[in-house]
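Pasting in a structure now, in structure tokens, and then I'll have a few things to ask.
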Amino acid sequence: MNAVPRDRVRENVFTICPYCGCGCGLYLRCEGDQVVGVLPSRHHPVSRGNLCVKGWQLPEVIQHPARLTSPLRRKNGRLEPVSWDEALAYCAAELGRIGAEHGPEALGVLASAKCTCEENYLLQKFARAVLKTNNIDHCARL
Amino acid sequence: MTIDKIRPGGVIDPYLPVRARISRIIEENPRIRTLVLEPLEELPAANGARSTAGRSSAYQPGQFVMVSVPHCGEAPISLASSPHEPELRLSVLKVGLLTEALHRLPVGAEVGLRGPYGRPFPLADLHGRRLLFIAGGIGLAPLRSVLESCLAEPEKFGPLTLLYGSRTPADLAFGEDLARWQQSGRVDCRLTVDQGAPGWTGAVGLVTELLAELEPAPEQTSVLICGPPPMIRAVCRQTAATGIAPEQIITTLERQMKCGLGLCRHCHLDHHLVCVDGPVYTLAQLQQLEIMELG
Amino acid sequence: MSDQYLLSRDHLAPLLRRLAKEYRLVAPVRNDHGDTMFQEIANPVATVPDLESQPQNSLKDFLFPQQEHLYDYRLDDAGGYHFQPPATTTPPTLFFGVRPCDLNAVLYLDVVFLPGRRELSYRRRRENSLLIGLNCNQPFADCFCAAVNAGPFLEEGSDLQLTDLGRDFLVEVGRAGGAEIIRRWPHFFRSAPAEERNRRFQLYLEARGGFSRQVHADQAIKRLAADTLPSGVWEELATRCQDCNGCAYLCPTCTCFTIVDQPQDQHHGRRLRLWDACTATGFTAMAGGHNPVQPGKDKLRQRFRHKLELDVKKHGRPSCMGCGRCVGACFGGADILHFINLAGR
Amino acid sequence: MAGLATTFGSGAMTNSINEIEAAEVILVSGSNTTEAHPQVARRIYAAKDRGAKLIVIDPRRTAIARLADLHLALKPGSDIPLINGLMKVILDENLADDLFIELRTENFFALRDYLYRLDLAEVYRQTGVAPEELRRAALLYGRAGKAVICYCLGVTQHVCGTANVEVLANLAMLTGNVEKEDAGVDPLRGQNNVQGACDMGALPGMLPGYQPVTDPEARQRFAAAWGVEPPAWPGRTLLAMTHGREPDSGDGPVSKSDSPAAKPGGAGGADQPGQPDPASGIRALLIMGENPLLSDPDLNGVAENFRRLDFLAVSDIFLTETAAQADVVFPAACFAEKDGCFTNTERRVQLISRAVAPPGQAKSDLEIIAALSQQLGYPMDYQSAAEVMEEIALLTPIYGGIYHDRLAGGWGLQWPCWDRQHPGTPYLHKYYFTRGRGRFAVAEHQPPAESTDADYPLLLNTGRVYHHYHTGSMTRHSAILNRECRHPLLQINPADARARQIAGGEAVRLISRRGEVEFKAELSQQVPPGMVYGNFHFAEAPINQLTTTASDRRARCPEYKICAVRLEKAGGDEGRRP
């Protein structure tokens, strides 16, 4: 997934602002694998050449060193880095166990108004087809 | 001390801090502490500011350093020590995240330093004059640097008077220094507090009231002021009214600063940038500027 | 600019391809969305520079980027506090198709950043760059460079300066880097006959006449200097400003910045330099809460005074180059053109 | 958005953002537009500069209210009588669009009969808006050729939120301000992809494209694609999951109209075979990119419920308050590190593209979900987000023509977009409403769930601030945004502050029936006497410890905008009651 053609210069990458529902079109200015700036799209129907202060400050946040970089699992009360394999297997086993013991209605899934459509689609599919519950919602109203 | 730290290859990087270790801490009052610092790195030659006196005298009273505090970034802090003293001192009032973090650091911890920056007090111009120091709270820090310099070369200056105001007796900072100056008999120290407290026998009232009691000789006196903006405003007005020339009324300003180099523009003041054009100004200069302190 | 040559339009792409072998070539490129931006052209044959539109970004994005990684810092267990600059490489860069406003903006950045060796990264990037300018035969929609003497033609400051004559470009040699290009690749150029030089002047006059609106920047500058602005200007602007910082970030000459630390964990973090804006309330506020600038009314005052009054006093010319990027971008309509209009009321 | 579903048949902005600029009259209700939707405010500024009139309905005197030609500072929670009052004046003045009503709507007579009986003096008493102001607003709106209504969470986050929306829809239909360009009813969605998350069926009662899970045909379509049939009964709503129980609803009649649309979510009665007992609790939660431990109402209730969970898994980009409580945390890629689509408030489905690699071992949520699914024996072998979108297009009629290759290089497509040839839909309800005819829904005043009393004499209103977004997990990591807005401030009217001897900048404690939180006082005329206002972005002052879970019966939207509180100086205990 996320196969990116690396054969061309990806200096100004067009994308959509992840903040409010306005959905401004913007360019992330990249130097190598670093985001070094942001530029509003001049012709985008919403951004029309400008962003609000939150959008303008995006580069500060995207590659903030405090980002999570490793899966974590609670061991002896503390979250500790573990491998993806361990984290995924543990999560799947727990969801499977609780679903089997208490029925699918004991499982709940919260999707996100900040994630993509595809991710939300896949998560509700996961809830409905894999976990077999309609217990899926997100904070649309918050 | 020096302006720049040199990167390998001889390139000067003006933003790179020098490491300095806290060797001693003086708790001046519950909100002010003085950090005595020991620079840990070989300091390359300063850009012309080094005096012939030798060792760490490349800074002058009134200048400031940009202090790096782990995870908090940098802030400008006036040097409270005199270049004539063997050690580097910073006195810090707890006002925000960075200064609160400075107040949590133990002896042995390190901070980063860049500088010194800014225009100092014009000591050479003050030779032979009576000096009246007027300070409030943490404002004594930069004036302490001047006072110690004057005391190191007593022959160059006239009589020294210090008026120092605090909110309460418990807030009186720089107690060690005040006691030493008083005992030396060479500084006429007069203290006042806004609100008295049991056991306080000294003056109660604003520093301007102490000033009213003095009768400075306007022709021979220079005034050095540092304190909160309302105090600066009141004292400037009052000293000017006694007939002291605005060129002889000198103060130092506090501003937000990020670079110290005259670039980032946080300290803009009309066409000045306080980090390079100040922070020390005479009243005559300030009257040409549009400025909060004179409100 | 003395030496003048002609470069056939047909030879432009081959010249750029030649230059791209030696330099990182940066030029305006129009993308699939119809937006034009300065960006690197890896293959000048496949990607043709867009010389018809005004690029959205200026060279500030390259010479003084929005975010710059200054250091990584590390705290050791003994209390030690170490700073390590990240490894940097600065490829020699050729900026092609730079309009007079943007070129003048670079000259202004030079005045700000180069003296006194206060600034490493700008100097490094600038010393590794060549500027090939392009005069504007037609002003773009929001431009007013003529009103602030920053265009539409450039008299000096670039390495080579191009004027579009139709079939050919007139090439004027400016700084040493330009002469070097002519010397190394003379076969692309032929000397310009006098009538082509005259055409340049004709085009200049036509371009000056091509501005669609009257912008009385000189009036605003005069009134700022004399402190005779109509009353209520700052108040009106303040109610319109929405604190987006966009005008400063889009501006090719705004250089306000801040330096911040980003903690990673207890022992690590990084220090960044970021663009900042003098219109932001927190720009001047001090830790204790004092703010020497009144947040409401004076919000935009520093910005316009700096551009049109303080820099005139200090450098003899306004630091607004009339590129018009902030015009129309403002959420509430408080851009510099709006100010100039209000000031002239 | 249930209110627009019952009246128009589609719960989304009827216009595009740019159309607002061309409206003659803009009515903004319950939206702090300049701070929460700056790009919409930009259009309002432009419209004003062209001579458009602006009416703002908000108890607070926000920046947009100060810009307004007419600011109706209603009493909190009195939206329904206010709009009913506007409609009565419009009817009385013969400003209704009879032809539109006749051709395009139904149930008008019920509304007309109700409005005939409505007493404007009673409206004044309930709303606090003077009759002449009401009249001016009604004439402005009623006479406009093209009028736009923009509303936001100030309308929906009430126990009567659905009915609040319905009356706004009534107002638009009454004057024929739907069906055309530059006129309509526009809910401003607060989050970047809240529209998309709803469209994609991240809802307990809806499959993608608002196909009810209770519809056997819809379930069959998905069963054919997925190989598994989705459960037939609606699942639990967000608050039911985060609180471990269904939230309280407001009492009393919400709406006189029967609600023909399927109930969105809701536990419902256990009347279907195989449906589990709704009282049995949630034991495991999987959370993707949400932070309920800061965003949900009555946080103490959420925290208590989370402690009871057997298992909590969280995927996020920072270690949020919620992630810190999890048993397993997945590091997720942020928007700049993945491909996919966001659907904005004007239904515009837009492509985001990966600019840089995720930090360390972080992966996109798409990869995380697929990997989890694989582990649970249901392979999801999508090669890309584009391939997921192809499946969405197949199963979701309103996204039927939306493919990544169509979105690339353009400005996205506004749904409904039925097939590859369809150009998308800039404004809705042209020629016919989604549900056929627009339906007038009669609604009466419903008081807030909590009212003030001697112990809790003030009303708390909550919302966003310009410099921060949601729970601040991103914006609070920006030094510049934090510098501009670092402290959790509580806006207090100077009169209320004076009565409690509170000075600006002083630490204050705010107490509701559910908890207490400390803030810095900001004395401001923006809030009327009797109201305080705070933001929910700050983990150090989690204002949602105070808010109530009382929710709209139909939309399950909690009443964030009103709860009863008491205000004290934080220093001493004076004035503290047992």
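A, B, C and D are the chain letters, set down in written order, and residue numbers restart from 1 in every chain.
One rule holds for everything that comes next: a residue touches a chain if its C-beta (ideal position, glycine included) is under 8 Å from a C-beta of that chain, and two chains touch if they have at least 3 such contacts.
Source: prediction; values computed, not measured.
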{"item": "C-D or A-C, whichever has more C-beta pairs in contact", "value": "A-C"}
{"item": "Inter-centroid spacing, chain C versus chain B (mean Cα positions, whole Å)", "value": "39"}
{"item": "Computed distance of Cα centres, chain C from chain A, in Å", "value": "35"}
{"item": "Separation of mean Cα positions, chain B and chain A [Å, integer]", "value": "50"}
{"item": "Of all residues in chain A, the ones touching two or more other chains", "value": "14, 25, 34-35, 44, 48, 50, 52-53, 60, 64, 66"}
{"item": "Multi-chain contact residues (two or more partners), chain C", "value": "33, 242-245, 258, 260-263, 269, 274, 276, 280, 285, 331"}
{"item": "Shared interface positions of chain B, touching two or more other chains", "value": "73"}
{"item": "Category of the chain touch graph - line, ring, star, complete, other", "value": "other"}
{"item": "Touching residues on chain C, where the partner in the complex is chain A", "value": "31, 33-35, 37, 39-42, 56-57, 61, 65-69, 242-246, 249-250, 260, 262-265, 268-270, 272, 274, 280, 325, 328-331"}
{"item": "Chain D partner contacts - residues on chain A that touch it in the complex", "value": "1-4, 10, 13-25, 28, 30, 33-35, 44-48, 50, 52-54, 57-58, 60-64, 66-74, 79, 84, 87-92, 94-96, 98-99, 102-142"}
{"item": "Residue numbers on chain B that touch chain C, as the complex places them", "value": "7, 11-17, 19, 21, 68, 70-75, 93, 95-99, 106, 108-112, 229, 254-256, 258-259, 261-271, 291-292"}
{"item": "Residues of chain C touching chain B in the complex", "value": "70-71, 73, 75, 78-83, 85, 112-113, 116-120, 255-261, 263, 269, 271, 273, 276, 278, 283-288, 290, 292, 302, 306, 310, 313-314"}
{"item": "Residue ranges of chain D in contact with chain C within the complex", "value": "34, 38-39, 41-42, 45-46, 49, 66-67, 408-411, 466, 477, 479-480, 483-484, 505"}
